[in-house]
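Following this line, the structures themselves.
What follows is a pair of complexes built around chain A, which joins chain B in one and chain C in the other.
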Partner chain A sequence: MQKRLLAILLVLPALIMIVLFFIVPLFASVVGAFEVGGTMGLGNFTKSFELYSSDMIFTLVIVTVSTVLIGLFSVSIGGYLTLGENPRAMAALRWLYRWPMFIPFIVVGQVMRTFLAKNGLMNNILVSLGLLTPLQTVGFLDWRGIVIAFVWKQTPFVTLLVAGAMASLDRSTIEAARNLGASRLRILIEIVLPQIAATLMVGLILSFVTMMSVLSVPLMINAQSPTMLTADIAFRINAHGDYGVANALGLISLLLTAGAALIYLRQSVKERS
Partner chain B sequence: MTMQTFLEVEKISVGYGTTTVLADLDLGIGKGEFVALLGSSGCGKTTLLRTIAGFARPSAGSIQVDGRDVTQMAPDRRGMALVFQSYALWPHMTVAQNIGYGLKLQKRSRGDIEAKVAEMQDLLGLSGLGNRKPGQLSGGQRQRVALGRALAIDPEILLLDEPLSNLDARIRLTVRHEIRSLQQRLGITAIHVTHDREEAMVMADRIVIMNAGRIEQQGSPEAVYNKPASPFVAAFMGAENLLSMQARVTGEQIELHEGAFNSSTVTARSGRKLLSGPVELRFRAEAARLVSNNDTAAREPGALELRGQVASVSYPGGHWRHAVRLGTDEILVDSITPFAQGETVKVRIPAQSLFIFNTPEAPAPAH
Partner chain C sequence: MARIDLWWLPRALVLGLLAFIIFGPLSNLVLWTIAEKWYFPHMLPLEYGLSFWQRVFSPRGNAMESLLTSIVIAALTVIASLALAIPAGYALSRLTLPFRGLILLAFLIPQAFPNLPVYVNIARFFYQIGLNGTIAGVVMVHVTHGLVYAVWIATAAFSAVDVDLEEAARSIGAGPFHAFRDVTLPLAAPGLMASAIFVFLESLDEFTGTYFVGAPDVTTLPLLLYTAGSGGNYQIASITALLLLVPSIGFMLIVERFLRADVLSKVGH
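Up next is the complex of A and B:
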């Protein structure tokens, strides 16, 4: 009996933390989403959809496009690190690709702002190389800027997982394919990728959820309309003190990420069975 | 078994970084021949196989198949298929997809592929398993899928990298014969890497014994077993009993000097390359005969007789194994009937079972 008491006592701090800092606030904001002027209703949601439905689509498209690109880049980098034949290039790539992981999102936003603007670093270089005239330059500080920032920041993280999984594959499964005449691209797509698909999926879903919750990048790069839901939530609270709509928007983005989380959960259940 | 050389490995040197694994190695293999590369781990046998397959680049030398130089060719252009130690089956593909992948890469028609896959499944006793994934197969079945995948592309040379080492001991015995009879039926040239002496003996036409990156000896199983050319080969082929003696070589005779446990013995030289001086004697436990100390039967001419005491007796099956102590040395001798522990016994080793080599450290000049 005493042992059981001790066990509960040991779990209690963790339990209190979860209830106090996770369950209660979540519950409060879910309830808050349905509160309109002291009564319960769907008012916040109709208002959210009236004002921000284009932002919802904008958010979903940006995050989805970024996720796809991150997947492509991380598989390419991981594939080169696994199947490459130039040891020097592989060592350089292995050393380089991780750096963006250690740079915070706000700094990424800042860097991209100075780099991608109409008279930013990228266009200056292109003009000085004679590839563009100053009149032809275009700024990328719209949805493209956000996608570039997300992909730049998140690719290393997914690559880290993917390259790790590829490195721990049985090398002879790759050699067996080479022995039968498969090209490196075919080996990557038909032999390597299927074997690490679960890891890639986990990396992409975690990235998806992370990107859904980033506020600094859309604020730095694309503060005009349409923008991402995170910026809208911040705006509702800071400019209007409108917690109701902010909570409703929060719940909507939670549902969007829940879709991704569901895929993740089904995947991990399938793996365990 | 004289035949034209089909696969020719000439003066090949292979190394990883600064370490040399193979240096100046020559090997010729005839068409349809089954050759076993035998050696302990780290002897370079797998490196030699991988170099032949095209997965390791030689720093010098050449490899030719049927007169054409394949040294710089990609693995798939050499007409060889490799069966990996871990089988290396693709876990996400079915048995049929695994077997048919090489044909798919050759852009063969779907009908062709299906027919060939079915043929392979019949040949290897995998019928009805085409839709299974490798994870749902037993070890022996996986091994056969790996074999089928390699054979499906009709290679001229089949390379086997310890394909039996992951199987249960009992299955291994049957798979040995399966692979051997398959190879004979198809008439395919095969190179088999193994560290298992018995496996090599049972399967191969010719055994190539490797040690420290060199070929120590090659020949038919009975030749390397009965006429080992070096102490290493003798020990590797089971002659683990080791005695040191002094010998004098005169003409066609070898005289082993009298020692603490043996009287002076003269035996035939039988073509051995031997110099007078310190020698090491090797023989197998089953080649020696154990008799009681008061047995007075004359020993055969040329046989060596030792006198010692039985230190321990065990029964590994079929015969009794005795550890016989000769001073500080201990030798193992088999006998149909057991002798008591502590009993003084005579050990008789027939002339043809004695392997005599000069002690490598100090080859004394002839008297």
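Up next is the complex of A and C:
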């Protein structure tokens, strides 16, 4: 009993921090979303949907497309690192894939803004290689730029988790399938993937949530409409001091994320049982 | 005679493409930091020089001040996070806790919900109690956000240490605190180091919270980068970005030395 008390006391300070500086303000934002000029109501939501419904769809599409691409790339890279047969190519890939992992979003935003612009280095290279004429160049500083920035930055993180899980798998089933003549792609999809699905899910959901709350990338790559909800929230506060609509938009992005979080919770409950 | 492996053709193609995707944007950034004159449709800058570096680091430039502010905030964030996370991680890995799974998940909450509405409301609250625009306020926001890394990695690091070693120390007469300090803590140190670096980088790179809680009084490097970039000054923005990039890439290169697979596989369990 005393030991249990000690355990609770050791965890408590950290928990209080989370409650005080995250859960309480989160609660305040939910309450604030319904506050219209001193009374409670749905005014902020009608205004949000009037002004920003296209941005809601825009946000959801961008984050979903990015998540799918991140999953695809991380499983491909992780799969090659696990099932590849050429040690030198595997070493090169292992060295290559992780470079963007810890680069902050704000730096990714700056890098991509200069690289993907209509007159950025990417188009300049394509023009000098003769693949494009200066008139054919297109800038990618719209939804595509945001997706590219997100996938570029988040794929290494998910790959690290996925490749780690794949490396700790029991090799015997893989070897057995290979001895029976199964192709590597089939082994990846039918044997490896189901065993690491939980890890992949965790990585993807964390990425989903992270992307939902990144402010710098949409501000730097695509600040004009349609843009992501995070940029709208910052705009409501900075330009109008309008906490009501900002909180309503916050609650909406929370609900969009709740779907993803629910999948995660179910996954981890299943794992623990 | 050795046969040429034809598979190297697609392999080299894919690896080359990947290298371009990863290093293209990065070399672009480096070019921008030393470009004096660069406009369309020239592939490379027309003139190179370090005059922007001089401007950034001149006494009148505010990069040095921002760098110092960033480092002070990150260091304070690490100290506070570890002070909270080491006891919590130990309890979560070694002691019996009711609702252990839920407690672990609680630390994920700051990562599992979009942060922006929270920062907005913290800023409002901090404004009332005079914490807005102070280093202490920014540190509190960074600690809350970094705790998930600190606590989860600390928990995994302690779980990866063999319980028998601690029990052996206890059985030859070491008290619980001594056994922890002399046996468990040193063995978990690489994992704790990794969590410290994670928290340090998270704080160094944090933009959104600082933007609402710190600005305009506390200017960290990310805020400086954002201001320079939105003013169209790509050279200054790129130099600041490069300053933020160096520690991130350095950590990426050494992360596995600290975060071994046995610890990594226990994260979140």
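Here is the rule we go by: the second predicted complex is superposed on the first by the 255 of 273 C-alpha atoms of A that agree within 3 Å, B and C clash if a C-alpha of one lies under 4 Å from a C-alpha of the other, contacts with A are read in each partner's own complex, and residues count from 1 in each chain.
Note that in this section a residue touches a chain if its C-beta (ideal position, glycine included) is under 8 Å from a C-beta of that chain, and two chains touch if they have at least 3 such contacts.
Since we're looking at a predicted model, the values are computed, not measured.
Partners chain B and chain C, once the complexes are superposed on chain A, both fit on it without clashing. Using the contact criterion defined above for the overlaid structures, shared-chain residue A:Gln2 touches neither chain B nor chain C, since it reaches no partner.
Once the two structures are superposed, chain B and chain C can be ranked by residues of chain A touched, with C on top. Touch criterion met: A:Arg178 reaches chain B, while chain C stays clear of it. Touch criterion met: A:Ser29 reaches chain C, while chain B stays clear of it.
In the superposed model, A:Gln224 lies in contact with neither chain B nor chain C.
Centred on chain A, the angle reaching out to chain B and chain C in the chain A superposition, using CA centres, is 80 degrees in steps of 10. With both structures placed on the common chain, the touch criterion links A:Thr39 to neither chain B nor chain C. Annotation: superposed on chain A, chain B and chain C show a minimal Cα-Cα gap of 14 Å.
Within the complex formed with chain A, the residues of chain C that make contact are 5, 7-8, 11, 15, 18-19, 21-29, 31-32, 39-44, 84-85, 87-88, 90-92, 95-98, 101, 103, 105-107, 109-122, 124-125, 140-141, 143-144, 147, 151, 201, 204-205, 207-208, 211-212, 222, 225-226, 229-230, 234, 237-238, 241, 244-245, 248-249, 251-252, 255, 261, 264-265, 268.
Contacts from chain A toward chain B in the complex involve residues 170, 172-173, 175-182, 186, 191, 194-195.
Residues 53, 55, 74-77, 80-82, 84-86, 88-92, 101-102, 105-106, 149, 153 of chain B touch chain A in their complex. Within the complex formed with chain C, the chain A residues making contact are 3-4, 6-8, 10-11, 13-15, 17-18, 21-23, 25-26, 28-29, 32, 86, 89, 92-93, 96-107, 109-115, 118-122, 124-125, 127-128, 134, 152, 164-165, 167-168, 202, 205-206, 209-210, 212-216, 219-220, 230, 233-234, 237, 243, 246-247, 249-251, 253-254, 257, 261, 264-265, 268-269, 272.
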